[in-house]
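A short worksheet on the structure shown next.
Note that the chains are named A, B, C and D in the order they appear, and that numbering of residues resets to 1 at the start of each chain.
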């Protein structure tokens, strides 16, 4: 029995959350340090996972398996493939930065008196973030569908409180209106995702029923089902498979989010603090796209092939629509949110292109988008904290007073528009190539997203950072050391992944090959090869 | 007893005779009429009586169906005890007022009609659908006597249920007692305290004035007259007021009285005395007699009775005074 | 004479009782209507008893009577209580059970 | 030797990184560091060049495989460089002009507090441009392609406090992005056709692909080239790009970056050779741009914008030549190099003039500067003679070859193209003469600047004049050197296909015609601007002048065709998203709310009502039971 590394990776933030929450109300700073330590420990564990993972080895590694609810065939089964490893690492590495970025976000506002000894917003904030981390990591490593489902849904609880309970400092003068907006956003987030989750629950139960014919009885184990399918022991009726696929897919599409079930994201990201917004889009939403790759494709290959045309069209709409709406936004954070919708379109496009380039690209995209959005959004958050407004029109000429802030913002933006040399370029290009080889028209349409991305990023940069300095901003401080310490590593990672993405591709590519063989697809041959 | 045996022979037969049919067709309409009366009568007492009638008829049907014990119990328990209980409560709650049958909930009548029709039709359809067949007859089951047969079942197969119903009855009795019992949580006030409270509140301390029983009319529903001739509502029981059964004092009578007094005065040749004697029941003359000196012959109750027939002079009648207020 | 006649009568009485429950506001009359329904059921039970030639139906009816008696006792007590506190025996006056 | 290639790129990249990360500590000597690294790069290029000359024509190409960049199953992208004669030509041009302009900028940007950043960006540009021309596959080329776009964006918008600069920078980047998409799609097509996008396999097996595919690839490459090289229809950004500091205009928007499109077309010659339709489009684009740029150049009063029009026009020449196929490739490159020298010189001269005139750019406010700025006048004059094709200066050689090649296309096409190129030559002479006359001759038309300072025209410092002199020398001599013994053609022929056209007109005849037309152009300009005083406010002019001043309504067209509908679309979609997509969801919620509001009235509190529903339920149950039995 080897050391249960994956369980440890899940437990570390969970224990950290409890410890953070337990810090007495007066010792705010202690809570922050506890949280940071816990997240760093998690990051170290995740990197250990990354190191222990052998790219060429078994599909699922570091597996753990224990009976949990034997009556229903539910097991506590953990395991990571290359895709999961990448995302676990992304999550664990991002969280310390988010904690660092949100260091003062949940402090009591000036003039606010504690409502009692139990009033501990700071502790709560960081504990909730750690809770989310634990649940997200669990969703990535769970190979039992039921186990996954539980954490997929439970994630909503801390997220709900993070969105509804901790808004950014913008527009404090209209606190009531803002609180109302925030509650609206939180409820919307919850309802959308709950709706998806319930549909998925039905599908999970359906799956349980559909696997009843297996010799070992019903099971939720991904591996067992996949093996049974491969050996022909288990076959789904066509309609059953399609309905089950839809049940899973709708839940993941809402989480991802895919047009037209995307509208919760701009509200949620707009109203929450920058770190939480990053948490939503960079970490939590990734569970959706990850699960598409792992569950939708892995469990229901034929239904996936059946749904592909529709999904591709929806993804294309997401790409263009998200980008166009980003252009139309007046609120910085909402702009970034819509840009994320566009990017999720790319990820889903890559997944359903069913080529190794597309899916490897999509996985890389998940990681890179996480980092790039984090960089852009966190800097935007720093900016918003300084000025107290999210409106783009309230800024101008920041470049002059805070050049480093503007510079990091620009780099984040350039990464968002997938400039070569930054990580997102590699992934976007892979997605597009992979899509093009199978669906040329889709590949070309998606290219419109590239142009629009340049437009919205540069318009955002131009309106906020350039031009004459607005008088309100003339005394704006540049990035503080803490903020720089948060942003600089992110930028370094972006550039590293853009220049040398091999560590990731080496891990991800074999996993994608497994997924593709699940689906029974192989890359289209080049025209010349095919002719020979 | 002879009817009983006749009925029992009826029930014992497997194929029913024409006699039972006659009985049924006579009694059943009455039962239905009773049921309808129960729900349609405005006065609850009538409802109760209608229900009792239906129950008696049902008891007869029980007997006809060979359930002698039940038939008797029906009469004794239901018609006897339960209905009496109903009537008691009715009296307690107030028997007088007839219910208004006007519907207050919107759509309730329609819903009731639809439901009644639907349920009725469905039940009858259900009965029609079931293969009812014919009577097997209870001759065998009642061979040892109906009561014995029931008893042997009750104390063997239904023993537990029987015990439980016993418990239920006990609980019901205790519960009813608990519910209706009112715990005395304050010390009861003494007579003295009550009197003091009355004085303090300014309510009538002495007994109320009597009605015009001895004045002119020999009845309790005629108000007594105040010294100035106006009738006083206080003198009549409030129940009569509520029932609207208070009789008017006719104005001719008053006028005749006044004329009589006048004639007497004229005859005696003396002026009408200004000293209107106050009714003995009245404590003070509240309003001053502003018409002193005018000719108002106040007829006083000669009999020394507390209540006097105050007579109102038509000429100066603004100082109407209510005695005992 | 067929059992159906009795059963039809029982059904009719039952329906009448049900309508009474719905139509009347006086709690006591409502109660009486319920009694009518119970009696209708009893009639059916007794008929069944004779139909099948055993006494179980009668036993059922007997239990129904007992329970009805208990119910009447408690129910009337409640009515008295309600009347005491609200000075009304109308079931519509106790209409606080709503949103 | 191969390992030097990487260093070539690494030197300026290191400079950029150091200067950007190093912070204020490097303010004092950062510019010299950058210049030194650029010079180092140049020195390496020279070493490599000499080394290359030492080998035979056939095996001069070097390649360096650094590492596997994106290895995915079936997809192989490498960081690998390839240095052949074509790349070498570019490397020499880029590093030499680049170094000179670094040097020039030391003087030009002396008073700018953000000079360090400027040099960082310049170094970044050098690195990206070198990656572009050294890449051995299209994906890496794409990296350089976007990299120079980024550097261009940063440098155009260097004076970010000016909204016009920021807007111009954004515009340049976005328009370039449209072109980049073309390159991206071309790469996708290559990948799905050939299974790779490295130069050698793609180009060597190009003829095996179907003509349709090759045409598609060619057109997409052309789209990319149009974006980067400011060819019609993606030319609108170049004029606005003049908002950037003048050295930037000289380096990026005249000498090097804008010619990347020509490089791309020439490099992909094998693809175009298999796609005549695409070639025709290239030629048409080149011809149209040639005239377009020339006409715009004739009308602009802003010296830099006039030069920008000229750049556009000259690149049109190159593009046209490149579209001619093997008969034109070499001359496209030759013109590219000579143009690099004389246009950079011209821009530096313009910068020098502006430097002396309080950053005034309106030529109507210059005049008579030749006495005050002799060096500038002479160097710019030499550049001027070179560009108009004065006999035996560099422009003369390269342009005549292109005109000759255009005739060589043969048939009606040949006549049309020859005519267009000749017309272009006349226009070139006209607008360049106009610029020279307005700037250096005539009386002074100077005005005070915004702060009320009188301009004190003076010669620029040595760091600025030296590069100008060097470039002037290049402008004069490059063509001659290249034409000596067909040295340039021989140099490039191992890597670039060459062929002789069948021109109906002899070579000498072309030279004579071109020279005559050049003189006509000069004369026309002299009649208009040399003989009589120049009005300080531009006359209204005929319709074509007015249109040319507005870039031939290109911006108006873009605005009407893309920007306005785009913004309406965006606004409409925001509305739709809020009201429709969100509205459906919120409407559902409101619907449920309303429904439950109605339904809750059923809970009226009356026990009798509840009883009614209870009986109703019982009735339904009975009905269902009966139905079930009936069925």
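Basically, contacts are C-beta pairs under 8 Å (C-beta built on N, C-alpha and C of every residue); 3 or more make two chains touch, one makes a residue touch a chain.
This is a predicted model, so every value here is computed, not measured.
Which chains contact both chain A and chain C?
Touches both chain A and chain C: D.
Report which of B-C and B-D is connected by more C-beta pairs in contact.
Between the two chain pairs, B-C has more contacting C-beta pairs.
Quick one: report the Å distance separating chain B from chain C, using the average Cα coordinate of each chain.
Averaging C-alpha atoms per chain gives centres 23 Å apart.
Could you put a whole-Å number on the gap between the CA centroids of chain B and chain D?
107
Mind checking the centre-to-centre distance between chain C and chain D? Centres are C-alpha means, answer in whole Å.
96
Averaging over Cα atoms per chain, report the distance between chain A and chain B in Å.
78
Mind pulling the chain B residues that touch 2 or more other chains?
105, 108, 111-112, 115, 119, 123 - these are the residues of chain B that touch more than one other chain.
Could you check chain D for residues that touch two or more other chains and list them?
Within chain D, residues 604, 606, 608, 612, 615 contact more than one other chain.
So which stretches of chain A touch two or more other chains?
none
Can you give me every chain pair that touches, using the contact definition above?
Applying the touch rule to all chain pairs gives A-D, B-C, B-D, C-D.
Give every residue of chain D touching chain A within the complex, in rising order.
These residues of chain D touch chain A: 20, 67-75, 139, 142-143, 145-147, 150, 153, 157, 160-163, 165-167, 169-170, 173-174, 177-178, 180-181, 184-185, 187-189, 191-196, 205, 208-210, 213, 566, 569-571, 573-574, 577, 581-582, 585, 589.
Residue numbers of chain B touching chain D in their complex, please.
105, 108, 111-112, 115, 118-119, 122-123, 125-126, 129
Which of the residues in chain A come into contact with chain D in the complex?
191-192, 259-260, 262-263, 321, 324-325, 327-329, 355-357, 360-361, 397, 399-400, 407, 414, 419-421, 425-426, 429-430, 432-433, 436-437, 440, 443-444, 447-448, 450-451, 454-455, 458-459, 461-462, 465-469, 500-502, 505-506, 509, 512-513, 523-529
Note which residues of chain C are touching chain B in the complex, please.
So the residues of chain C touching chain B come out as 1-9, 11-20, 22-26, 28-29, 31-33, 35-36, 39, 42-43, 46-47, 49-56, 58-59, 61-63, 65-74, 76-81, 83-84, 89, 92.
Can you name the residues of chain D that touch chain C in the complex?
Per the stated touch rule, the residues are 600, 603-608, 611-612, 615.
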